[in-house]
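Consider the two complexes below, in which subunit A is the common component and subunit B and subunit C are the respective partners.
Moving on to the complex of A and B:
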């Protein structure tokens, strides 16, 4: 076979080499710098109250709930979709896992039943979303909007709008523990981040997620079962909602239909700030992690400085816009 | 390796229906191992559907497919790939966000238990790229950063990685420069020598002569002639088979010399930093000036700057004696300019809108009173314009997406005819247009010039530019390297001028 190097055929080299799928180092660096600046501002304004171990653990505990769902959302958005119902799914999962029925089962089998129940409900809701979108051909925005309404409604029905208190001591003990000083839910968060990173970047599942989001027709013609994969993505997100529900249950020792209100906005914001493109085809778990940390640290700084949640909301909006504008500038420079 | 006796792939009487249309109506195709079999046909003849059927992306309603003599059915793309048919599509089917290696192994990733073996894939991809003669493309590079030619190479590497026995190439040279096409043909030769069969779809008859062994002609979803010799069948016969009409000469004759009137369009030292510099020429009414050059030379940028779609950093554009405001399409259109853009679908048409609305797009003001549009008048005027250029089918309410490339292009031309524009800028007017419609567009262009319109044509087809234009400008790397009458130079001469610039640059760098 001939292998003559013809200079006129040479394809020009781009300014920065890029590993397929991962967002460039530069973008993550930007996020790290943003986080560092935030911390500096925090220390400057609140000193010891911010830098204490207690406070850092509080930030991490709050990050865990949003973070776990954000990892799942990263997969769905990279795959070209979106899910507005995550907050409602968390609520439904928490309610289902804390009904008298489930708690009775937990008394017999062990508190693991409640965890199973929450994760199962979450995954099922996610799968329903996936089926509606992939096979029902309903636009993700609409399908998950419908789920948002129905799931929360169902949660309210099941709980009769009452808060369901967790009686199982084993459950509270396990999730309240702090091995080596680190809360269990933070450990679970870390595990999810690592597993998520591995799944997205080192497996065929992850590779196909990029394909399905980047060019679904190309994926189909290459032999990838696009519809089935889409269902998996939403089911995966549902599963992370179930995990988040368990975390919320442990933090509040209750299951309630009001859990997770507004969660979807924080989650999507974190994913977008992290650098995953809403249009699909490009995604980063590390970026999402930073997005989550930036958002929670910001809330923390505001709270420590006694600034109202309204001010926080405005700040969040500004940050999202700035983050996306920067992303677009970087993206335009690369091509 | 000479083609073997028993065919590798045989299609008999293939019928494929979609709601409302019979896309394939009895297709026969015989392909042998180690041969390049070309598929010819106008847009709408069924080539794309046939490719999708072979790739397993569509099922078959009637007819049989035989592989190695045995009947076979492709349930999905994976089945076709597993059998040994790989396809390289015209609209490249790559994922921009993944690396070269990832794309090469898309759908059949090298993995153990779901975990990808990246080093293995990178190594294998590197080997395939070297086989194709492109070891400078790194397997870890993001596909979105490659040029169209580079992406094509990745597509080919993917086909090779499947160890296919039949590779289907859909218009592979559409996005390539002449010398890149040479590289493509080298690869095709190598594949043929190793016993792989190639099904090569192209509009360009010169390429088919060069690379093809045998050919089949499709018309209206059916095979009108199969298994002809690619090199020996006369062009006129092929065109007659494809279109059902006889076509005499390709380029219409010029009526006479260009009228000696003051220039309608004057471009003076026009430049855009980083794209082109110091472009100057005049366009007289009834004159056709062609911009020839390679892909990336800056011709489209020049045309878009004249039109006001890009801001010039230096120089001026004057129409009928009045200088145009820089960077204003509105001013250009009001002064009488019109543009038929390069990317017809994304830049020139509202695909989901009706034909008449696409045509009246630049003239809505004319039919509106106090902002309220005059539908009836608009529609009938647009219909008139569509009829004058023979847009087929004659149905102005049809969604323009359903029209063939040639008819879409005629609709864009009609848009500017409706506005009676004085200067028409045409960027690749016959790209994606089949042979029959191409002749019609040439005639239209000639008629426009004869009626006094000044035309500026950009085309990568050197023969086309030379055949249509009165005067030709050769553009290389953003500057004009030649300016003269088109009958004083030939295709070889144009290429010489372009390559001379490249050589100069190499000397500068060395």
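Moving on to the complex of A and C:
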């Protein structure tokens, strides 16, 4: 009989910071400052080539694909997991949605069939990841590593390693449109960010995510169905991969097994830079948004200055390490 | 509190400093000395009026990641060519295999309102829509090597002769087989999703069919050394006896040869592709399974830069009666054997 409360069984409440308290503002302020410094450097080196609306839209269009998946990844990492297979899922979703069969269906019932196909495939792959991790008790790293290999392999098989061109004019027209000068994919990105923020910070689903990530055993004892929730988280990430696949399909007018190469690196980097802890239990959608913007603005600055992508890759690595070190210092100071 | 003996600590410090110095020296001194010679032959000496200075031309250049020697040579030759002209400013958005990023690089060129874009897309079909946007914005687009799938996406296309490469390799096999129809012919292709690989394979197959042969085993690699080694290893296991092996690309060929040497196989004749200097030297020496290679010019982007400049400055291609720059330039694919290797060796690229 225990009279002393076992500290490991205390159900963690989401840190006050993530409900809009001081910690969150301080952390996000750091990110805002980093982004501002980056913009200052950009303007100093490239002048009004950087500060023009066209360039901002270029950055946003590029960010949309990475950003949407990063929002999904925020949920998974906050819930204590990780997913290495996002790039492969995007490729598989894009291939599945552009096969002759799907495109024929789209000719009959509209291009929405291709969108459904991509999102469904993405969600299904995510759900498989979740099932393997939650019920199969396979470590997330390994389960998603397996999905990484098999999803891309399956994409190559289905596409017969060929690039599948989208023939449906309705699809290209819709996603290529720019109502009020803002590209449709950027609008979708904005909607996903807002929905993601709301889901994480204002719903029970979000609260359960923090609980599951912070202390899964305590969460289970508190009555949360941890395994089912884990499946939901990975399925959600899969869904965002499907959305990203649709965006990539519209940008390239093709589906291909080579889409999304290296996407997982950028996505995880963006989430980590944004302040979400890899150990789980703490997460921020706004932080992820800043993380994505910092990475894509960096890429843009490099392009504007004719610098090689190799130097950029080294810079990315350094930024990730610096961001995590700063986070740890801030986190230690506030507790 | 450290309990390491002070002398041991000093020994560690010295060892650590020595290791660090070795690493730094290793990273900072690279073997770029010999590479610079290769591009000089590729930069053509022209003696027409076209090379005289004209209006300033800003050209945006983008190519995939230089993960193999041929691709690296493409960029180097293009940069060297632009350097020959004092009226050309070349903006280089250096290589990536990420389609999303390459698209945003081209969009940046469009925002910059460059005069021309010379583009070797990672995937022609995927970059077609952004190339079209550039053309619609009044920018001259020159497509290099991997073709777009719309004629409106580029003003001029510079291509190698992929189908011709396959035919040349197949014809060499036919001539060497001299009528025998029971030879085992195998093929190691490059990136299978690219139409150019499919063209090469088709040319090879068609040439073989005409003399009664066919490809019994075919594997695909990805133009990189590592993928070549892996694919060749699998092929050698699958085919215990081979008579002819055509490897599409000499960069992945470095890996292919490594696998062949590891497996100690030498009962076949190997033909290469693309024409790297290393392979040509092996052909010259005569003591390798490599007996021939088919050249796939790595000067295509340099030609693209020259053509882009002519187009922007409204000049004609010299030596032609026609006043407009052609829509398509398909470069020849000569076969290099021990007899003519000395002609092609000076302009070959290093892997």
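We take it that the second predicted complex is superposed on the first by the 312 of 335 C-alpha atoms of A that agree within 3 Å, B and C clash if a C-alpha of one lies under 4 Å from a C-alpha of the other, contacts with A are read in each partner's own complex, and residues count from 1 in each chain.
Methods note: a residue touches a chain if its C-beta (ideal position, glycine included) is under 8 Å from a C-beta of that chain, and two chains touch if they have at least 3 such contacts.
The shown structure was predicted, so the numbers you read here are calculated from the model rather than taken from an experiment.
**Q** Scan A:228 for contacts with subunit B and subunit C and give back first, second, both or neither.
**A** Touch status of A:228: no partner.
**Q** State whether A:329 touches subunit B only (first), subunit C only (second), both chains, or neither.
**A** In the superposed model, A:329 contacts neither subunit B nor subunit C.
**Q** Quick one: in the complex, what on subunit B touches subunit A?
**A** For this pair, the touching residues of subunit B are 55, 57, 76-78, 81, 87, 89, 92-103, 106-109, 111, 114-116, 118, 130-131, 133-138, 140-147, 149-150, 153, 158, 177, 179-180, 182-183, 186, 190, 194, 502.
**Q** Can you name the residues of subunit A that touch subunit C in the complex?
**A** Touching subunit C: residues 49, 52, 54-55, 58-59, 61-62, 65-66, 156, 159, 161-163, 165, 172, 176, 248, 251-254, 256-259, 261-262, 299-300, 303-304, 306-310 of subunit A.
**Q** Across the complex, what residues on subunit A touch subunit B?
**A** 1-6, 8-14, 17-21, 202-208, 210-211, 213-215, 217-224, 281-282, 334-335
**Q** Quick check: in the complex, which residue numbers of subunit C touch subunit A?
**A** Touching subunit A from subunit C are residues 65, 91-101, 103-105, 107-108, 110-112, 122-123, 125-130, 149, 192-193, 198, 220.
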